[in-house]
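In what comes next, chain A is part of two complexes: it sits with chain B in the first one and with chain C in the second one.
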Partner chain A sequence: MLLESWFCTEILEENGIKEEESLGMRLKHKWTVLVTLLVSLLLIISGCGTKTAETKSQQPEASKEKIKVAFVYVGPVGDAGWSASHDEGRKYMVEKMPNVETSIVESVPEGADAERVITQLAEKGNKIIFTTSFGYMDPTINVAKKFPDVVFMHCSGYKTADNVGTYFGRMYQPRYLTGIVAGKQTKTNLIGYVAAFPTPEVVRGINAFTLGVRSVNPEAKVKVVWTNTWYDPVAEKDAGKSLLAAGADVLAQHQDTPGPMQAAQDAGKFGVGYDSDMSKMAPKAVLTSAVWNWGPFYVKTVKAVQDKTWKNDQYWGPMSDGIVDVSSFGPMVSEDTKKLVAESKAKILAKQWDVFTGPIKNQAGEVKVPAGQVMPDKDMLQFNWFVQGVDGTIPKS
Partner chain B sequence: MSIQEFLIPLLATAITAGTPILYAAIGELITERAGIINLGVEGIMLVGAVSGFMAAIATGSPWMGLLASMLAGGAVALIHAFLTITLRANQVVSGLSLTIFGTGLSGYLGKSYIGIPVAKPFDIMPLGPLAKIPIIGPIFFQHDILVYISYGLVIVLWYYMYRTRPGLNLRALGENPAAMDALGINVFLLRYIYVVVGGMFGGVGGAYLSLAYAPSWLENMTAGRGWIAVALVIFALWNPLRALLGSYLFGGIDALGFRLQVLNVQISPFFLKMLPYLFTVLVLVVVVARHKGRLSTPGALGLPYDREER
Partner chain C sequence: MNRLTVKLEKRLTPSPVMAFIIPFISVILALLLGAIFLSLTGQKPLDVYATMFGETLGSKYGLTETMVKAIPLMLTSLGVSLAFKMQLWNIGAEGQLYMGAFGASWLPLTFPTLPIYLMLPGMILLGMAAGGLWALLTALPRAIWKVNEIITSLMLNYVAILWVDYLVYGPWKDPKGSNFPLSAPFPDAARLPGLGNSRIHAGLIFAVLLAIILAVVFKYSRWGYSIKVIGSSERAASYAGMNIKRNIFWVMFISGAISGLAGMAEVSGIIGKLQHGLSPGYGYTAIIVAWLSKLNPLTIIIVSVLFGALQVGGYSVQLMGVPAAVATMLQGAILFFVLGGDILTNYRVILASRKGEEVRH
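Presenting the complex of A and B:
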């Protein structure tokens, strides 16, 4: 545009028109470009700012100095799912520990962008940084090398360093318990499972759930549909509908939105939620939910860093630590079912028994875990086959 | 499962899943026909979804929510109109920044509305005797009222564009604004109006998700449907009737994938996700080949109109 106006000026000059006019025109062009840039910049800045949530407490008599803690989330904190559950944990910590100042960055894509965000947080003087998605594993390790004085905690990964620990919860334990509820509830003996990606974590959850279902209802089958997204309310609801159309009357999910629960409610059927208690999204459908409870773990970790007792462990917390649990039951769950769940829960909490205790057969009926043996953690972390009772396939990647 | 049992729910789902895309695509189609590309559809849909939801909670009426979503979508589009028509900014840059802006703004506004159920969403209401027609009824006439409105809207828009004088003006606006100007038609005012109206329909597309489909508010709940709408307008070659077919086709692809999985037919989901864009490319190739390089793209699309540069 500028170039053309230059051109224009020259023609005008040839025609003997005063130059001042065309100069004014050029200035006007520059002005418009400037305003445009400014407005676009404003829009972009207001769209993607880092939010800092500071604790209100300003007690001068606080014994320990304030420690800065940062969280990196893969989704928006408003996803009512995975990132929301981590943010609940952060809020819990802020409540319990007045000396903590926390900041969060949400919707950070996994990959190169994550490395930039984590570096910035470390440069800003954060002493502990929680990176809460699997794809942050390598970025976390890379940044940690440059900041040896900062403690990094990566959720759900397997790589550690001197100042990097990992943490996760044995979600398969509550999954098994919710399976019991679903197995008792189903009338058609077909339970739908809306699953995100065929990772070992998701496969493990489906297997644990199915074992739970079949422990009370050996006739029932669990049908799996993959959505290939963690977060898409519409697609997840569609996937739920397709399972209901196939005859399922209870839906479970490994997804971060309540879409499948809403599909179940619309059809007058039932569902088992995940991440957080989903009963408020679909009160008529949700029997119970398998939930994360990160708060106590965050408090413990920050305290350990303050007391200098922190170690770079690979923490995989069981239900007895309270990091995973089943939420309260909906009114449609029978007393009989609640009793069965309580019995199994007591055994798991007391560590007398765990979910993947043999005999466990695969879909072809071959015994994969012999009777009396417990599947070692190493195998559980690499789960790539379905147990008997799952109707579905694991796509090859 | 018989063919009917498989196909009827599949096609019915294709329509509901396609309706938000259809509204957004109609908005974008009007905007592009007026000569302006608006890549902010995704942001406009999100702002429409959240404001519609908030208004529906506050007033208890989904219709007030719908109105609010139209006003909000129109307001965001007004920013785009100001930047691209008055300031003659680059339309692509302005649209992209609006998407980022809309995503952030909707997330901020909706913070305290997550997980709240809306008291009165747009419920499913079978359309009288039409719903009882075998096969046709369950596919087309057992939805919520916004779906029925979208049927009418497409027909009305087609008639407006191809059978009325203002419609002819709209098409000419995107083809040759200078000629329109010479005829004494206010190009700037008309473009403002069509961009804002386009934004209003984008807002309705968002509200369809938060007030009828979900019905609830979740951050970023459009999950890329605004972009599909942009591709759809090209797929439809700027024709509302083809946009209707295209949105059901695009909306049905997800539903088809899930239903095939239920039948234990394995098709790569990545392949299915690719299909809307693949179809768009195919349509472009076919049309270009058949019409010897002439697409029905509005001639002045994306070009800022400047009286002094005629």
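Presenting the complex of A and C:
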């Protein structure tokens, strides 16, 4: 009778009834209940994933001219994805602008918590607050009403106010270029795409990627799997595995962890990373990554606020601004492919051509963008249909 | 050879002094352990703790926000505690909360022009009904075929969350929302009134009222008594002529309805629309709160506030450079020690050799 004994005793005594009948059976049953409960709790906890801690440099001596800037992240800064890319941008800014003092709050859920966290940041004297997830849109607008002297910048939303601007990058441009790489690399003509949620941004990325793939390989298809999560290392890796099992030999992703890239590497296949250069996490698999480069934009915005030239714009930065790009290629990418990418990139950078230029057909083969026309920004921002070549569905509204 | 084994023996009467002192010692030990972690990551532990408690319980804004966080915890904890009383392990409060939010949202999204005196009561009823019916999906197989309710209630959580996701990404998407996954905002008539200019809403009144009602039911009513008896021994209860199946249905329905009310209060009182990620796991934290409160409804109210403070404080200390992971670890350490201390209140450790000689401590 070791530790087990007290646990059982406790339960029996809590019941308050001293039972003679089938005591053994009863103990057994209780144990089943407890073990199942524990296993279930473990299941829940494992879903939360691991978080990497990181020591942040602090600047204790804040001089009076220092401007305080805050960042709110939806994931942990160690996610190697979305939040990490913003934090890289923050570090870049701190390096370039010694008179800036930054604070961050990471892993902030998009429900009731966001509004409180943003409020506290404004109360703490931050003059610029960057809220870096779509779900922070209404909380940002709500808090901005109460702090008219603070500038709020919301990433990826569409609502503005006198002191709220929005910012985002035309990630579809590098997505198209990475599509070229994937289209040249695939042997099975099936490319897997691990995607978070069917938001216009994700749909746009899948479409641009697919157009890139089919520009060099009209036979190839892009198969989409929704994970219904932005940040879940295990679920993302599993989704990648399922696509590999379905015959895909290149994986792309719109997720915040390198899980799908690791799945590709484990299977000896290839992948196209997203958010940041993911070749560090899966060097044998990653062909290239479509990456965010927020640093210069953060510097520009903070300077504009300091110079009082800031406006509540809706900034959607193109690749020529450097806010989005493709990372360097892995050793398995052929010179031929690199040349094709360079050609398309030059056209996009020179603004001679953009990705969603007609003719573009939807999955049913209907022409949605006629030849010679360019899809207007308004339509791109509301994308809710897939182009030809995508194997997947979007929930109907 | 004598081998020492460690054994726990239940104290016949937990010493009242120790019962009072041990929780305090537990918290202090947890804070000490946390302090070691904090110093290892280069923080000043005292400053961190001052912020953690100062900004949650020590300032007016912090206090109101702690209450905002505590309201859904109170309601879901009350919900699960009712089922736990009957030894029905309903761990589906998270899903019942989501279904409650879904049921409540249907009314303002379908009939946005209803007057407030029809809208709010209607949302409360629909939210509770949806949460309750969702819990019945667990109760039915449990009562009829003795299907393990832990598994079904847990699995139904995922279904409920994905159902709400489906709605906001599909049919309930705001037509004016540029295809973003949010429902249309609720009309003002569908918003629970708040306290002053804080975010505390009428959900607090629901929670306190329900806690009092449940306390009275457990203590004085026949039904409360039969729940306890069934929880202790189904066989004894059925000899006594209690209808076990009917009680499983009712207890699960009401348990789910209370969690459904939490979902209604969250969409109506705080968020003002239906969206993905309504709850950062209130329904799971509720299990811990209910357990720590020993299923006492009035204790649940207090413990929920403390948990709210712990969670809100976790974000506040990030501003001092404490990573989210360390803040979460700190919360875990406090829980660990409080639970551990609880065992020592009720049990004593006995070192016994194989031969049966006992060394008491």
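Keep this in mind: the second predicted complex is superposed on the first by the 331 of 397 C-alpha atoms of A that agree within 3 Å, B and C clash if a C-alpha of one lies under 4 Å from a C-alpha of the other, contacts with A are read in each partner's own complex, and residues count from 1 in each chain.
The rule we apply is simple: a residue touches a chain if its C-beta (ideal position, glycine included) is under 8 Å from a C-beta of that chain, and two chains touch if they have at least 3 such contacts.
What you see is a predicted model; the values in this text were computed from it and never measured.
Enquirer: Is A:231 touching anything from chain B or chain C once the two structures are fitted on A? First, second, both or neither.
Expert: Touch status of A:231: first partner only.
Enquirer: Name the contact category of A:343: first (chain B only), second (chain C only), both, or neither.
Expert: neither
Enquirer: Check whether A:245 is in contact with chain B, with chain C, with both or with neither, and answer first, second, both or neither.
Expert: first
Enquirer: In the overlay, answer first, second, both or neither for which of chain B and chain C A:395 touches.
Expert: both
Enquirer: In the superposed arrangement, which partner chain does A:198 touch: chain B (first), chain C (second), both, or neither?
Expert: It touches chain C, and chain B stays clear.
Enquirer: Once the structures are superposed on A, label A:76 by its partner contacts, choosing first (chain B), second (chain C), both or neither.
Expert: In the superposed model, A:76 contacts both chain B and chain C.
Enquirer: Tell me the contact category for A:281 with respect to chain B and chain C: first, second, both or neither.
Expert: In the superposition, A:281 contacts chain B only.
Enquirer: List the residues of chain A that touch chain B in one complex and chain C in the other.
Expert: In the superposed arrangement, which is not itself an observed complex, chain A uses residues 1, 33, 36, 40, 43-44, 76-77, 107, 228, 395 for both chain B and chain C.
Enquirer: Please give the residue numbers of chain A that touch chain B in the complex, ascending.
Expert: 1, 4, 8, 25, 32-33, 35-36, 39-40, 43-44, 46-49, 75-80, 84, 107, 223-229, 231-235, 237-239, 241-243, 245-246, 257-259, 262, 280-281, 283, 391-393, 395
Enquirer: Tell me, which parts of chain B touch chain A in their complex?
Expert: Spelled out, the residues of chain B in touch with chain A are 1, 9, 13, 17, 20, 79, 83, 87-90, 93-94, 97-98, 100-105, 107, 110-111, 114-117, 209, 213-214, 216, 218-221, 223-225, 254-255, 258-259, 261-264, 266, 268-270, 273, 304, 306, 308-309.
Enquirer: Under the stated contact criterion, what part of chain C meets chain A in this complex?
Expert: 5-10, 41-42, 55, 61, 65, 68-69, 87, 89, 91, 148, 150-151, 154, 162, 165-166, 169-171, 173, 175, 178-182, 199, 228, 231-233, 235-236, 266, 270-273, 275-281, 284, 287, 312, 315-316, 318-319, 321, 323-326, 328, 343, 346-347
Enquirer: Show which residues of chain A lie in contact with chain C when the two form their complex.
Expert: 1-3, 5-6, 9-10, 13, 15-17, 19, 21, 33, 36-37, 40-41, 43-44, 51-56, 58, 76-77, 103-113, 115-117, 119-121, 123-124, 134-135, 138, 157-158, 197-200, 228, 381-384, 395-397
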